[in-house]
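Shared between the two complexes below is chain A, which has chain B as its partner in the first and chain C in the second.
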Partner chain A sequence: MGLSKLDPRTKLAWYVLMIYFSLISGSALQLSMVLLVEVVTSLILTGSLKRYKAMLVVLFLLGLQILTVQLVFCREGVLIYQWGILKIYSEAIPLAITGILKASIIVFASMRFFTSSSAQEFTLMLMKFKIPYRFAMLVGLSVRFLPIMKAEYISIVDSQRTRGLKMESAMDNLKGIFPTFLPFLYRSVRRAAETALAMELRGYGRTKTRTFTSNLALKPYDIALISGMLMVISISLVNKVLPLL
Partner chain B sequence: METIAKVNIEKLVFPDEDKPALKNIDFEINRGDFIVITGGVASGKSVLLHSITGAIPHYHKAELTGKVTIMGQDIKDMHLNRMSDYVGYMMQEPQNQIIGLDVYEDVAFGLGNLEIPIKQIDQRVKNTLEFVGLSGYENRETTSLSGGQAQRVVLAGVLALNAPILVLDQPTAELDPLGRDELYKRLGQLNKTQNLTIILVMDRIEEVLNYANRVFYIQGGEIVKQYSPEAYYKEQIESRKERLKSLHTVQGKFNELIAKVTDVTYTYKDHLSGCEDINLEIVKGDFLAIIGLNGSGKSTLAKLLIGLLKPSKGEIRVFDQTLNKEKLAEIRFRAGFLFQNPDYQIFASTVEEEVGFSLKLRGEQNEVIEQKIDECLKFVGLLDYKKLHPHRLSRGQRQLLALASILVSDPEFIIADEPTSGLDETQGYMIMDKLFHLSKSGKTILLITHDLTMAKEYSNRIVAMHNHRLQLDILTRDLEEYLKTLKAIGLNFHNIISFREVQNGTVEA
Partner chain C sequence: MNEKLFRTDTKALVGSVIIGIVMLIMMQVTGRIDAILDPTLLLLNGTCWAFFTGLIVLMYRQPAGIIAGVVEAVVAMATGYSPLGFFFLFANVLGSIVYSLISSKFSMEKLSHHILSMLGAAVTGNLCVMAGLIYVFHLDWKIALLSSSLTATVGTIVAGILTKSVYGSLKKSALI
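Then we have the complex of A and B:
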């Protein structure tokens, strides 16, 4: 059974479960286990982990930040190194590792959840949660316009470059914010106004409901999976309040 | 004939404006009419369409004195999202009006809002896509559509609603000659066979007049003249002939090479071909028109010439220097690039500030900047607007502003990428006249266009591109000899004055 066959609500339940475990797990071993489960299930359901490649850069930068913060500010354990006012304590590294593992689980689970369903599935899922379709459909709309906006921004930058604006270094980019961002903003406002008008003139919002070209229905395996995950969370919560051991 | 709508606008004034955008408008629309609206820059054409569709006063606030009724109902009393029962409206930029992620979803969008059962939606989407020539495109992602395809998808979405009136604002602005011809044929067919009432703001006079029965000329917010298509065509052709009499294409005589493209190929990241094995020489004083259908590689070539893209293979020399990173700034100092959409560059809060931007970047002195701004604004006819916010100008005026922003740097070589796209004919000629004057004063112009009329009338040399390759490089005066070759690649110069096709009211096309 592929990931795409699962109902988005099942994927949401899995996402919640992963976030929950990343938050309640305290040791590096527990967190490693959760991350392993997350990665293995992804591999089984999608057959490849290629799509998560881009995420590694984000995780690397995030990990570097967590490590720096822990090295500079952690005051737990024994002092193992001192250089001027910089003091490094023995607990800094384990805390940084658990922090990085928690961040990895959250980023990985988020990426999987948000890339495994189509915009239409998100819209339908939000409607199942009783969110009015006028708002739920905005998800699809934002997905639709993102690539267009990106292409337009590139054209704007090109246009200003031909007028002599330098966009080569970070400082150039900073200086070029006004000439590039303002046309982008004007265009976005104009587009938003035109899109909204086009939608209204095609009857958007004339009634409380509308016909969707597809529908969401929980299948027996979705129900079983969601029930199972809810049960795991419930048992874990009960165990937290009334520890068995 | 049954009257389907009555438009009586004594006065329409936008907030914070003194002058009315429309005044003394009074006409009736009969079922089956095919009305073409034309007029000068910022004359009120689109405002009139907005008033008929209910966008004014429901969406854009304005004080409307008068009454617009459709099928006996005052549009002031109708909610905007109920207007789809009466009017289908297609605006200028198709990508702004596509809502669905795939073609099926977009065409079905309006039908879904009407709560039509899914089986009927399926059938109507299928039929409409077939009608606009997009059968089999149901699952195509809308972001991957070309300009022409996107325009047809929007048309399908509007037509699927079966409204009795279809309102279109420059529907062929992004289409090449072939796409334009096809779209007008389809509209003509709808008008004749289904008695669909069509009101359209015209961008080019040639094709659409074959199908129209009334022409309104609007000026200063007022319909100053109503024509039969024949009378309008006659008048326009006469005035065009007069205008073109003054054009004598004598450029390209300097023998100094401005740009040389040698065996250039460009491939996009996704392995899509941009252009292949291009060899081209541009001589000082040339007014060179590069023509071709949408996607033929014209714009890629233009971007290569200004260094926005780097050739995957081959060499480009501009001003006798190899176009590379080191020489780029120097080359761009002497060359200007006019983009298709002026809004890609406008950011300043006044017209004069916008024009002076390049000079400020070059560190010119204030007195010089001011003098050059005035000169350029005078040249493009915008001197009176120098203190105005650029976005208060019409689209045509904004394109002139973009041209002034380039001219202020006094470039020797100007590349204009479809500068008349999105403009109506009057505005288009205005831009072309300015480019022609520049060419006469010794500037080298490279015009990327799919407007064959303009290519023919203004250039001294025509280069035709097809399937990313340079197919033909000829002098414009020899055009007649190559008409067959050009027709074979979808560039039909015979069609540019196609109104003659109409004989006794029947369309031969």
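Then we have the complex of A and C:
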């Protein structure tokens, strides 16, 4: 059974389960297990992990930041190394590993959930949660406009460069924020007004309901999966409040 | 319906999505500059966040502020742009609501009104990020508090001034 066959609500339940376990797990071993389960299920359901390549670079940079901050500021455990005012304590590295694992689970689960369904499926899911279609349909609008707005920003940067604006070093980029950002903002506001007018002229928001070309329906395996996941969370919560012997 | 708090016309809804995407792009740009200039403080990023949170609420009220915040956080998570995107979801939503509640009490014609509204939003948003830094990254609470306080202070002052200036220009240009 592929990931695309599952209902978005089942994927949402899985996402909630992963976030819950990443937040309640305290040890590196538990977190590694959760991450392993997340990666293996993703591999089984999608057959490839290629799309998460970009995430690895971001996580590597984040991991370096967490490690540096823990090495410099952590004061738990015993002192293992001192060089001037820099003191490294024994708990710095375990805490950094736990932090990196938690961040990895959250990033991986978030990326998987938000890329696992189409914009229309998310719209239909929101409508199943009783959100009016005028709001639910904004998911599709944001997916449509993201590449357009990125292209617009790049074209503004290019046109300012041709007028002589330097954009080479970090300081140049800092100085270039206002000359690029303000035209981008004003053009975006104008575009928003034009798009809204075009949508209203096509009947957006005229009636309280509307029809869609497809519909969402929970299949028996979706119900079984959601029930199972909710049961796991409930048992875990009960166990937290009233620890079993 | 309180007109100073809510606006649900098509222009506000579409505007919230488009300005939410603009916010995301500018957060990426400032985030990259911050990664070189001040990797642990993220002062530019924090100021950019506070500025957009305030500007969207002033332009399109609620629920546009919440929608823009959710769009920014969700797209950041889906594209893997920011590992902190999950915490931004709460920071964006709560910061926007607090800004709305405070700004609805003022005429928003004086700089002090903008600074006060921004103070509420920046403190709320940075508290959410601080909780994330403590619970997920296991940072010492004193370090997390120092980092969040610095970002909130710079964000309040700089974004407060910027919001007043840009919102004034947008009103004069009759774009909103």
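Structural remarks
Simple rule for what comes next: the second predicted complex is superposed on the first by the 245 of 245 C-alpha atoms of A that agree within 3 Å, B and C clash if a C-alpha of one lies under 4 Å from a C-alpha of the other, contacts with A are read in each partner's own complex, and residues count from 1 in each chain.
Operating definition for what follows: a residue touches a chain if its C-beta (ideal position, glycine included) is under 8 Å from a C-beta of that chain, and two chains touch if they have at least 3 such contacts.
Remember, predicted model here, so these are calculated numbers, not experimental data.
With both structures placed on the common chain, the touch criterion links A:L201 to chain B but leaves chain C unconnected.
When the two structures are aligned on the shared chain, A:R190 is found in touch with chain B and with chain C. With both structures placed on the common chain, the touch criterion links A:L141 to chain B and to chain C. Using the contact criterion defined above for the overlaid structures, shared-chain residue A:M149 touches chain C, although it does not reach chain B. Looking at the shared chain after the overlay, A:C74 reaches chain C, while chain B stays out of its contact range. In the superposition on chain A, no contact is made by A:S236 with either chain B or chain C. When the two complexes are overlaid on their common chain A, residue A:S27 makes contact with neither chain B nor chain C. Contacts of A:Q82 after superposition: neither chain B nor chain C is touched.
For the contact definition in use here, the residues of chain A common to its chain B contact set and its chain C contact set are 141, 182, 186, 190-191, 195-197, 199-200, 204-205. Chain A makes touch with chain C in their complex at residues 19, 22-23, 52, 54-55, 58-59, 61-62, 65-66, 69-70, 73-75, 95-96, 98-99, 102-103, 106-107, 110-111, 114-115, 134-135, 138, 141-142, 145-146, 149-150, 153, 170, 173-174, 177, 181-182, 184-186, 188-193, 195-197, 199-200, 204-205. Across the complex, chain A meets chain B through its residues 118-120, 140-141, 143-144, 147-148, 152, 155-156, 158-166, 178-180, 182-183, 186-187, 190-191, 194-207, 209-213.
By the touch criterion given at the top, residues 8-11, 13-22, 24-26, 29-30, 32-33, 35-37, 39-40, 44, 59, 63, 67, 71, 74-75, 77-83, 85-86, 135-140, 143, 166, 170, 173, 175-176 of chain C touch chain A in their complex. Interface residues of chain B facing chain A in the complex, by the touch rule stated above, are 53-55, 59, 79-84, 87-89, 91, 93, 95-101, 104-105, 108-118, 121, 142-143, 154, 157-158, 161, 303, 306, 308, 329, 332-333, 336-337, 339, 341, 343-347, 357-358, 361-362, 391, 405-406, 409.
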